[in-house]
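Chain nomenclature is as follows: A, B, C, D, E and F, assigned in order of appearance, with residue numbering initiated at 1 for each chain independently.
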Amino acid sequence: MNVATSRTEKPYYIPQADEVEVFRAAYQGRMPVLLKGPTGVGKTRFLEYMSWDLSETDEQLRMETVSCNDDLTVGDLVGRYVLEGGDTRWIDGPLLSVARTGGICYLDEIVEARKDTMVVIHSLSDHRRELPVSRLGETITAHEHFQLVVSYNPGYQSTVKDLKDSTRQRFVAIELGFPPEALETDIVAHEAGVDRQVAERLALLGRKVRAIQTDMMIEGPSTRVLIHAGRLISRGVPARRACETAVALAISDDVEVHTAIRELVTAVFAADD
Amino acid sequence: MNVATSRTEKPYYIPQADEVEVFRAAYQGRMPVLLKGPTGVGKTRFLEYMSWDLSETDEQLRMETVSCNDDLTVGDLVGRYVLEGGDTRWIDGPLLSVARTGGICYLDEIVEARKDTMVVIHSLSDHRRELPVSRLGETITAHEHFQLVVSYNPGYQSTVKDLKDSTRQRFVAIELGFPPEALETDIVAHEAGVDRQVAERLALLGRKVRAIQTDMMIEGPSTRVLIHAGRLISRGVPARRACETAVALAISDDVEVHTAIRELVTAVFAADD
Amino acid sequence: MNVATSRTEKPYYIPQADEVEVFRAAYQGRMPVLLKGPTGVGKTRFLEYMSWDLSETDEQLRMETVSCNDDLTVGDLVGRYVLEGGDTRWIDGPLLSVARTGGICYLDEIVEARKDTMVVIHSLSDHRRELPVSRLGETITAHEHFQLVVSYNPGYQSTVKDLKDSTRQRFVAIELGFPPEALETDIVAHEAGVDRQVAERLALLGRKVRAIQTDMMIEGPSTRVLIHAGRLISRGVPARRACETAVALAISDDVEVHTAIRELVTAVFAADD
Amino acid sequence: MNVATSRTEKPYYIPQADEVEVFRAAYQGRMPVLLKGPTGVGKTRFLEYMSWDLSETDEQLRMETVSCNDDLTVGDLVGRYVLEGGDTRWIDGPLLSVARTGGICYLDEIVEARKDTMVVIHSLSDHRRELPVSRLGETITAHEHFQLVVSYNPGYQSTVKDLKDSTRQRFVAIELGFPPEALETDIVAHEAGVDRQVAERLALLGRKVRAIQTDMMIEGPSTRVLIHAGRLISRGVPARRACETAVALAISDDVEVHTAIRELVTAVFAADD
Amino acid sequence: MNVATSRTEKPYYIPQADEVEVFRAAYQGRMPVLLKGPTGVGKTRFLEYMSWDLSETDEQLRMETVSCNDDLTVGDLVGRYVLEGGDTRWIDGPLLSVARTGGICYLDEIVEARKDTMVVIHSLSDHRRELPVSRLGETITAHEHFQLVVSYNPGYQSTVKDLKDSTRQRFVAIELGFPPEALETDIVAHEAGVDRQVAERLALLGRKVRAIQTDMMIEGPSTRVLIHAGRLISRGVPARRACETAVALAISDDVEVHTAIRELVTAVFAADD
Amino acid sequence: MNVATSRTEKPYYIPQADEVEVFRAAYQGRMPVLLKGPTGVGKTRFLEYMSWDLSETDEQLRMETVSCNDDLTVGDLVGRYVLEGGDTRWIDGPLLSVARTGGICYLDEIVEARKDTMVVIHSLSDHRRELPVSRLGETITAHEHFQLVVSYNPGYQSTVKDLKDSTRQRFVAIELGFPPEALETDIVAHEAGVDRQVAERLALLGRKVRAIQTDMMIEGPSTRVLIHAGRLISRGVPARRACETAVALAISDDVEVHTAIRELVTAVFAADD
């Protein structure tokens, strides 16, 4: 599945560190980028921001997102012939399309794809910057503004599914983590439409739950999860019920995890009582 | 498989707790909903009710149900071209169709689907609310009244089949359990057409069998199962035989379980003797 | 594979217990039926009988049998488009066909089917009684005389292949076992064309072999197997050779089982010497 | 793969025991036959003989052999549409073809087929004697002279691949073993074109090697293997070399087995020195 | 993949033992041949020679080689319909083609094929000598000069992949090993274009490396590997470097193996220093 | 995926040892080449160089690269028919194309391909030098300037995926390792556009990290990785951050590895402080 982005307003994104500068250098040096980090941490937003930031014209740099999965074929990325009115017509896939026109092609959760998907990017991601299209019988040289980005979550992956060294050593890696508490407060307030006090408590709750995530064998709540809780609160759901619904039940099925989170919620929102 | 619902009478549904309010807040806040709970507990009915409850016009909010399974493809959800009279015609799948027109799209037992099905909903279930349709070469922005709902049964799932964190953290979770005894009595009486005394005994039987479900390593009987027993009784099958048929044999193949349930049936229906 | 039945003579079937009454109540109460029992016990015959018994007109209630297997697809059950003379024509599958016209649709050995087959019957087997047909873009409401029946053999199934609780709790279960000895004697005499004395001995042999089936780790001989022995006898094969051929070699490859059965045959047919 | 047989000369076959009579009774009683026995023991020949023996007219009863395997589909057995000159034409598969016209349909090594193949014969192998052909939308009732035969080798099968009880209890079983030594001598002499003395030694060698087959963990040499050795001898290959080539190397890759067989060959052919 | 051979010059092949006579007797006796032996030992050359040797006319007996693999289908062997200019045309596969016209059909590394490939040769490899072609609706009787040959390498095969007894007992087996040292010297000199002294050293090296192959857990170097070393030498690569490249690195990735071979090379080529 | 190369400028490549001479001898002796070595070591560059070096005319020898993967089919290598305007047209695959016209066909990471891909090269890689094309019904004899090259990384491969001996003994093997430090300094300076001092430090860092690669259970950083670090530095990213991004995070997800590399970076770039 691929999503085209051509919004023209500046995307809401607050940098965590020097990720914007490093990305820009990789872009200028024509090196593909590997984004590492947990789910819901803002990787898509960061790229939406970079596609705006790197634009040299009035028009935003194009961005196509492909969510990788087991069923993704080379044809889904590169293109295929479709039958139309008894005749066949070629339709560029997102990778070929962006390679032609320039822009960011983002392969989200690359390790979910089969190895053949990884392999198809090899010639695009080294000094050749070429994409052979055997069905068309031609080889496309990538546009000078073509930028390949792949992402994955090192904590989430099983040991079986891993990037091959011959793939990963083609990339410059940028790591994104959970945002610092103050920054996360800003984001939750902005995205959920709650006041700063509620946003602060939700950010605090996030930090506390993440602190027990290894013990509890869970993936810690993403900023998105905290925003969800905020939105329920802003629509009248009581804070504890909102956190139960958007945080505890959403991140785990384990009753002990639910109890632990409920206690943290109680501690964080005690001031409301 | 998808089922379109466009009934106009108010569906029979009695809330267990605040699930109606939380669902309404999620709908207003444009957050997808994850329904958790055992089989036969009324998840489909709840959504039929919500699609009636959320309707702002005379017409009920549309609802499409897709029962997920291993063979479900992205094409089944999004749509496909069919050949017709030598020409090809595009048919929207239920997910795309509801994304266009608004309504509830309900993916029942989501964990039964392959990962690619989960992945196709990613861009629809975050801030983008977009569904790319590569075959059409366009990206659909979801209707403002589009509501995505997925369900699964945490007790029933094997540990292998689980929602990925990058999927589940996109949802606000609502849990539905077995209804309280008085409520279940009402439901059984209403749906099976038996008098309150019989309905009470069946609800009591349900409670008692569920109490031993962990020991007996079974999934406890759903309200549906109790309704079935009621319907057999109302058609002249003796109560014990009806419970044997609709409860004991239906929920297990284990002779010890059958014996245990038979004893509970005897205890519950002793007053009839 | 599906077999249409439209015979008009009354099928030969002698009830074991109250299965006819319970089935009739399930039919009237619009509840799907799960038939449980060992192989060759007469499940197909019972349903042929019920389709005759439930007929309210001169014409017998229609019955379609589908033998489930790994390769059975949703298309095999619901229907598919076929190319004909350059044009496509839709052909209803047996499930859709019976859902439209009424009658019994019998899915034999349901656990042999993949999960997607089970899932396709979900909306047909609860209060909705609907079958969505995505390829046609419509949803069929089942005929008022539509009755869904599935069967399986609890003793035979491996633990891996099992009905999901979300499937099995949709059914009222009826169990059929080996017929009582007197009844089995009648059946063997009628079906094999042997006199009562031979039929009695074969029924006795059946009972004796079934008594050792657990020790011997075999599935006991079905009534069908005894009928086969009877038919060989009636065509001049000596009784011992007929039982060797139709019973011992047919139900097992184990030499010890063969020896044990041979001894039972000798005991049962000693009177002939 | 299926092989049609319509030879009119009487096939060379010498019965081992009463297999001809039992087969004839099964044919007259309309019961399908399960042939059990090791490889190369003459199962195909036996059926060629029976198809000659059962013929009631001048023309031999038709026989179709299908060698079962993992890739065999229901379509291979029942039939399929083929494209021809822009139009589709139906071609009967061997099972449907013989069901229509009568004759023996022989499914060789049935356990090698997937379960769906076994399932397709269910309705043909019980009282229904019907073959539903969903693609044609009709159900064929088998010809009165239709005889279904399946075979398998109980010693050769792994425990995983086995006939389901619901399949095997539909059959009357006939077991064929290695022929007695005198009979095997006749067969080898006839088929290999060697004199009786050589044939006797080869039959003796066969018996001796089979005697050690369990210890050596091999499948004993079939009569066919002995015929091969005979044919090499009759074309001038020395007896020891012929047995090395046709027996030792052909039945095993194990050097110890080769040595053991070579010693037996030396003992058996010592008289030649 | 299949390779047609119709060369008319006599192929270069020096017999190891009586393999030519045995093969000729098998050909005359219409028995299929199983060639056993390690890789690169000259099996293809032997068959090229036999197809020349067996020719009774001016034209060499035809030979088709099929390298077996997991993806080889029955259609690849027997034939298939292809679309051409809107119409379908049948193309014989190599097995059917040679069965029609006579010649050697060689299935190289038969155990690499799926079982269905093995099964398709059953009726061709017993007294029937027939190939049914279900797609054409006919059965081809093999040409009198049709000779089926299959090969495999017993040492190389895993225990999982093995010929079924019902397949292998249809063949007369001929074993080819590494050629004796003098013969191998001749072959290397002839094929690599090196003088006898170099060829002798390479043959000696081959013998020495094969002597340690079991200890080192490698497959010993084939004659082909020694020819490669000779060719590098004849083109100016120093002998040690040539043996490093063509022998040590080519047959193993294990550093200890490399060291051991290097020592043997030093010993063998010491005279050059 | 295949990439055609027809550049006319001399590729930048500095030989490590005698690989150019050995390759040239293999080319002249018509022997296929197996390139062994770690990822990013310059295998593709070496072949680009050889295709320039071996050219006898003004035009560079053609080169086609195919990145092997699980989904690569024989059709991808050899060719296939495509539908075009209602008619079918044959398109040569890269292997067939280069076999016809001459040039280097490079199968990168051959062990990633399924066995059938390896098998298709068998007849091309021995004395036959032929490629059968069953779909075309013809056999192509390779051009005299056709050179087959395959590569793999012995350290990287799992033990399951390995070249079969019957495949690997067809090749002359050339091993490429990490370049010596002075050479690597030249390459980094040239490719990254950094001054010699920075290049020296990066080459030193590469050597140091490779020295701990076995302990740390990682694949050591390729020259490409060092070039990436250099390019970030030349675009203003501080050296430590550049090494963090391009080396540490890129080659591993392990925090201990990151720490170890960070210490080495500190040691190497200490002089900058």
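Points worth noting:
The definition used in the following text is that a residue touches a chain if its C-beta (ideal position, glycine included) is under 8 Å from a C-beta of that chain, and two chains touch if they have at least 3 such contacts.
It should be emphasised that the depicted structure is a prediction, and the values quoted were computed from it without experimental measurement.
Looking at subunit D and subunit F, the chains that touch each of them are E. Common neighbours of subunit B and subunit F (chains touching each): A. Comparing the CA-atom centres of all chains against that of subunit E, the greatest distance is found for B.
Comparing the residue numbers each copy contributes, subunit A and subunit B share less than half of them at their mutual interface.
Comparing the CA-atom centres of all chains against that of subunit C, the greatest distance is found for F. The distance from the centre of subunit A to the centre of subunit F, each centre being the mean of the chain's C-alpha atoms, comes to 31 Å. Chain centres here are Cα means. That of subunit C falls 61 Å from that of subunit F.
For subunit E, the set of residues touching two or more other chains reads 86.
Arrangement of the chains shown, judged by which pairs touch: one closed cycle in which each chain has exactly two touching partners. Read around the assembly ring beginning with subunit A and moving next to subunit B, the chains appear as A, B, C, D, E, F. Every residue of subunit C that touches subunit D in the complex is listed here, in rising order: 1-4, 39-40, 44-45, 65, 67-72, 76, 82-86, 91, 93-94, 108-109, 112, 153, 156, 191, 219, 221-222, 224-225, 228, 231-232, 234-237, 241, 245-246, 249-251, 253.
Within the complex formed with subunit D, the subunit E residues making contact are 18, 21-22, 25-26, 28-29, 31, 34, 36, 73-74, 81, 86-88, 114-116, 119-120, 122-123, 126-128, 130, 132, 134-135, 137, 139, 154, 164-166, 168-175.
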